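Please find the structures below.
Two complexes follow with subunit A in common, the first pairing it with subunit B and the second with subunit C.
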Partner chain A sequence: MLESKSKEAALESVAGNGLLHRRIFIAQGTALLGAGGLGLLTPSLAAAQRLPNLAKVPGKSMSGYGNRSPYEAHIERNNILSYPGTTGSGGSWTPLESLEGIITPSALHFERHHSGVPDIKPEEHRLLIHGLVDRPLVFDLDALSRYPMVSRIQFIECSGNSRVGEGALPVQKTCGGLHGLLSCSEWSGVPLSILLDEAGVDPKARWLLAEGADSAAMTRSVPMAKAMDDALIALYQNGERLRPSNGYPMRLLLPGYEGNASIKWLRRIKVTSGPTMTRNETAEYTDTRPDGSSLLFTFEMEVKSVITAPSLGRSMRQPGLYEISGLAWSGAGRISKVEVSVDGGKSWGLAALADPVLSKSFTRFRAAWRWNGTPAVIMSRAFDESGAQQPSRKQLLEARGLKRNYHYNAIQSWKIAANGEVTNVHA
Partner chain B sequence: MFTRKSLWLCSLFSAAFVSAAQEGPGLGVQATPAQIAAWDISIAPDGEGLPAGSGTVVDGEVLYLAQCVACHGFEGSGNPNNQLVGGHGSLSGPRPVKTVGSYWPYATTVFDYTRRAMPYAYSNSLTDDQVYSVTAYLLFLNGIIDKEDVMDANTLPQVEMPNRDNFVLAYPENPDW
Partner chain C sequence: MLESKSKEAALESVAGNGLLHRRIFIAQGTALLGAGGLGLLTPSLAAAQRLPNLAKVPGKSMSGYGNRSPYEAHIERNNILSYPGTTGSGGSWTPLESLEGIITPSALHFERHHSGVPDIKPEEHRLLIHGLVDRPLVFDLDALSRYPMVSRIQFIECSGNSRVGEGALPVQKTCGGLHGLLSCSEWSGVPLSILLDEAGVDPKARWLLAEGADSAAMTRSVPMAKAMDDALIALYQNGERLRPSNGYPMRLLLPGYEGNASIKWLRRIKVTSGPTMTRNETAEYTDTRPDGSSLLFTFEMEVKSVITAPSLGRSMRQPGLYEISGLAWSGAGRISKVEVSVDGGKSWGLAALADPVLSKSFTRFRAAWRWNGTPAVIMSRAFDESGAQQPSRKQLLEARGLKRNYHYNAIQSWKIAANGEVTNVHA
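Let's turn to the complex of A and B:
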């Protein structure tokens, strides 16, 4: 009796068009899913009644460095484009729609390079800290590896991510094709504050310049307050040394800031009184307003969320119970709540936030939806602990105009057709 | 409401720029002035870091036609890559054309970026005189300096870029927007 009562409660509707209470994923989730069955989880039980022949012969040997299943090899970064006449000056996008949880596999972390991926021998690499310091210092990788390390799960988002949303017509791409300049990893490394303290920062210092060892010698100015707060010299990504495409052997990591500022292949930090006004913080990565003026140093990535499933390319099938799964994140701190609508924004219900809910990290959210098989528009909106709320596309464009190119964090909507196919719509 | 602005102010006031919690093993090796001089290629907007040497518009045009035109087009007109000249007055319209002349706030940035990152296939290969020259040529094409003007460590920081006052600092002021 008790079980059926709680089952009833869990299936209670919280918003229009069949959105169910998030309790289904918290308390009795497994039992309910087992009993009711999500629409997509309906394998033929008959097939499992005989052991497959494969299990009767020895499999492959152990290996020194593992590979994914060959049946998953089609999951790749996409939108790979480089400036004309170049091969390494552009980006590749994370296939968000194919991933679950909050960690992006290192091999699928998005890339945005300005002059390719350098081949750096770790024993030859040095980090120089100089400028307004008492003692200019040089560190090699061996030395840095002996410092106290911290590990943090943090997202990195390119500030140009999702910018196609500014366009009048919705672009028909996958979730990763629209929003995939976005990834989240566990980063381990040395707090920059320790190294700056060792060098002895002049009280007049308010900024620093970070420079990469790539052919573009990528540079950004960083506020000293951020450097002393949570900036990291990252040496490891998801447990292993950084990938070359993520800054091997060391990168700056500025949690919550636009990705461009987290300089890869970090070779030099110059402590300064003011910003250096490099090309990539003036000519680029500045936000032009409707009156033609532009904002400098819009560092923080604002609160945002996307639905990864269902999404374009991940169609629905027959009517029934489905899980809506997505990602929320904010450069201002923790996600406080995510709301989901399955009736085009007319009504909203709370999604369940999956543990862990960490500051400046991906947060996975889930909602249960009983789809009745009629066309529907689904969307999510995130809120963070600073009180900020993800805006609608209309609100964002009204407030900021169409010339910004950066920091587009509006709600994005998927339309489900009666046949279950999913398209991107401006709702 | 706890706005983004108040968050920034909190972080500013709380930062004395000395971290208390952790201490390292002190393995940094003192850098020599020669090491620093070789590595320090960045130029501040007040001109700090600009090297000796100078360049002219005429020399810059010769260099541009040899090393830059294939990507940036005749006289900086762009195509296949970034347009470097023109676009003046376009920022307030629906389609801003952002070039060195119409958008960049500091002339020192032209020297800094060209020396560190250009030409794309051979970055950091130009002499300082060459970088001054091509900087002068681009500023001339944009109508910002005269054909006779010579660019050097003294004159370049004094060049007033047309769009300079059209930038607003979002940090640390961080207006609501």
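Let's turn to the complex of A and C:
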């Protein structure tokens, strides 16, 4: 393909090693890419002009509930893990490296169950609100469905997500294998504040206890302030009713909080004066400090980002122009900016943030990189509207030691070899 | 449950027959609903406090690609229709009345195929760009995946959607059965403008021809201005690769245009000086006027809204407070407001619009209604940022006659009987 010197020159470099200005992703700037800028090898023209054989036979008919292509069936949740001696205590990881945009398909939403997925008949399920209230209330699904609802696109991240990053040696897994206890859906449901108002909360109440109907009877304490702020009783996920693995027929959704607190298969909310100190907030889901003491109730997931492409398993094939694509999110609110480095952190350039940039949601970021075919280390760092910045691995480990095991939000780096292969490195 | 006179009084009426102020859907206003405002009958407290039997047995384990609850398997695309004598020419309708939020699950996205769904092997598929260009280009899926992408949440509506509304007698179908050739997804893909810039468009070119790889060889002409504005080569739908029924492995996406023009299984784009006048833009997808002449290339879908609940099949059960929920959309841009009437159009009140309100996307609207148990007719009307307003059925038919058969965007009304049953009426 021809090259246009003037257009090439307009592909302004904004940081070392070929990182380009994000204007490539702004509609009016696309002309900059013209005239063979991407330098791709293209297959034969003659072959592409022949009518495909497919076009000569009728296709399949319509269906009631559609399926994906059989050629995509290898895209699955991975790391599927059941702890020895348990039934269904374990997890499965979202294949982030195979997805685009900000919505995670419900069939690929990560799982973390403590005693498997219960088989709940919706007409038998009840939600009880009791404890320090003027009048205890019980709701069936039909009753809840009459209440005012809200819809929000928000992420859920397990507080143990990415914690293999603490290890001295970088683990060689895909982006989803490292960071895939993380998904983002459109959730629709009833604000918990409406139900609590109807029950009449005692002025002494400062917390509540939420309990699931699974056989782990998962229970967590939640601050009343969060319950009255943006907590939802979620009934729908990505348009349809919740999936069983996400709490069908109803779950608590605490936007921005560690996933474990958003109790699935929610059956009971007890309004209390203080936290209940359940097993899952004392023996687990606490953060051990270097001195051996533990932080309790560290709910909010910190600002973080990951590069989904290129990444391990999504190699580069030849020098040239590439899109770097990734996800950023923060439990504190909106992402304010994402910076990308393609020279191992020596210099950084702004990534483009794709609309819509929503609070406590995935934000898709994109950067353009002209790779010259020599080895390189790429990484991203996110900033949120609270002013927080994603730390380097070194900063994080120095600040909190190695015993914490939850809330690992350090920058992660991919190394591109000269042959285009991608590995995970501690840079 | 107790009643609180002061809180009741704060549920301000904004239009006749019990339509309430939309502040109920604004977080700070939820306290207004407190103290038994919804007046729901609740099941037994004692039963709800007993541990469910489910909680005594471990649940199912994790899975690679999840499924929905078997208790939701009755939610399917409906009206499934294959025209007599054809294989796979027909459609299936999204069950809008069973969904919440703005995302349509990909498995329930409506279908309208002209010769079924082809079985395309992704590694064999090519996109050819040729015609009035400096250099023809051919792309395979891997090559396309290196280009800068954008993601957008946008609706697709078949131009024939809702056209049963033209009939003299109102058809008794669900909301999805009437209006479900309509869905909304997050689409990710490569802006067509980038590929056209790379091919180098001849200054004489004003149109292009897009062709699908199905055996109908669906072809439509598209104005160059639209191609250079916001047209996408879509590769992903709701996070994962396109479903086969939505054009796997790639489709054209022309936001806001009638669905037929967003060619599925896209295999070829030919840059042309004028429209090609294909069968599907002359014999079909044209709008016949009262004088017998036809409008061609009426691409943009007009501003429109439907109430999804209550609706036929989603009856009311007793007098009291209800949420009215619905969808609004416009091919011209953002929805600016939606008004709801619960007295047959005599008076109207503003509905609450759920964030995010995006261009050429679904907008979920909600209104609160205290139904007094007497028969009522409810309806919604949408307005967009271009200043357009959804017309009444009478206005629409007077303006354009009965022969048009496409682009039917009139207000549709539901009648609530005293027993709570809902029917479709021409009001």
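The working rule: the second predicted complex is superposed on the first by the 395 of 427 C-alpha atoms of A that agree within 3 Å, B and C clash if a C-alpha of one lies under 4 Å from a C-alpha of the other, contacts with A are read in each partner's own complex, and residues count from 1 in each chain.
Heads up, the rule we're going with is that a residue touches a chain if its C-beta (ideal position, glycine included) is under 8 Å from a C-beta of that chain, and two chains touch if they have at least 3 such contacts.
These numbers come from a predicted model, not from an experiment.
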First, second, both or neither for A:S262, with subunit B first and subunit C second: neither
Touching partner for A:S294 - first (subunit B), second (subunit C), both, neither: first
Partner with the higher number of touched subunit A residues, subunit C or subunit B: C
Touched partner set for A:R146, first subunit B, second subunit C, both or neither: both
Touching partner for A:N409 - first (subunit B), second (subunit C), both, neither: neither
Which superposed partner A:Y83 touches (first subunit B, second subunit C, both, neither): first
First, second, both or neither for A:S193, with subunit B first and subunit C second: both
Touched partner set for A:N424, first subunit B, second subunit C, both or neither: neither
Touched partner set for A:T308, first subunit B, second subunit C, both or neither: neither
Touching partner for A:S215 - first (subunit B), second (subunit C), both, neither: both
Overlap of subunit C and subunit B interfaces on subunit A (superposed complexes): 86, 115, 128, 130, 135-139, 143, 146-148, 191, 193-194, 197-198, 215, 217, 229, 267-268
List of subunit B residues in touch with subunit A within their complex: 1-4, 7, 11-12, 15, 17-19, 22-31, 35-36, 39-45, 70-71, 80-81, 91-94, 96, 98, 100, 103-106, 108-109, 112-113, 116-117, 120, 123-124, 166-172, 175, 177
Footprint of subunit B on subunit A - complex, ascending: 83-86, 89, 114-115, 128-130, 135-139, 143-144, 146-148, 190-191, 193-199, 201, 203, 205, 209, 211, 215-217, 219, 223-226, 228-229, 267-268, 270, 272, 274-279, 282-283, 286-289, 291-300, 332, 386-388, 399-400, 402-403
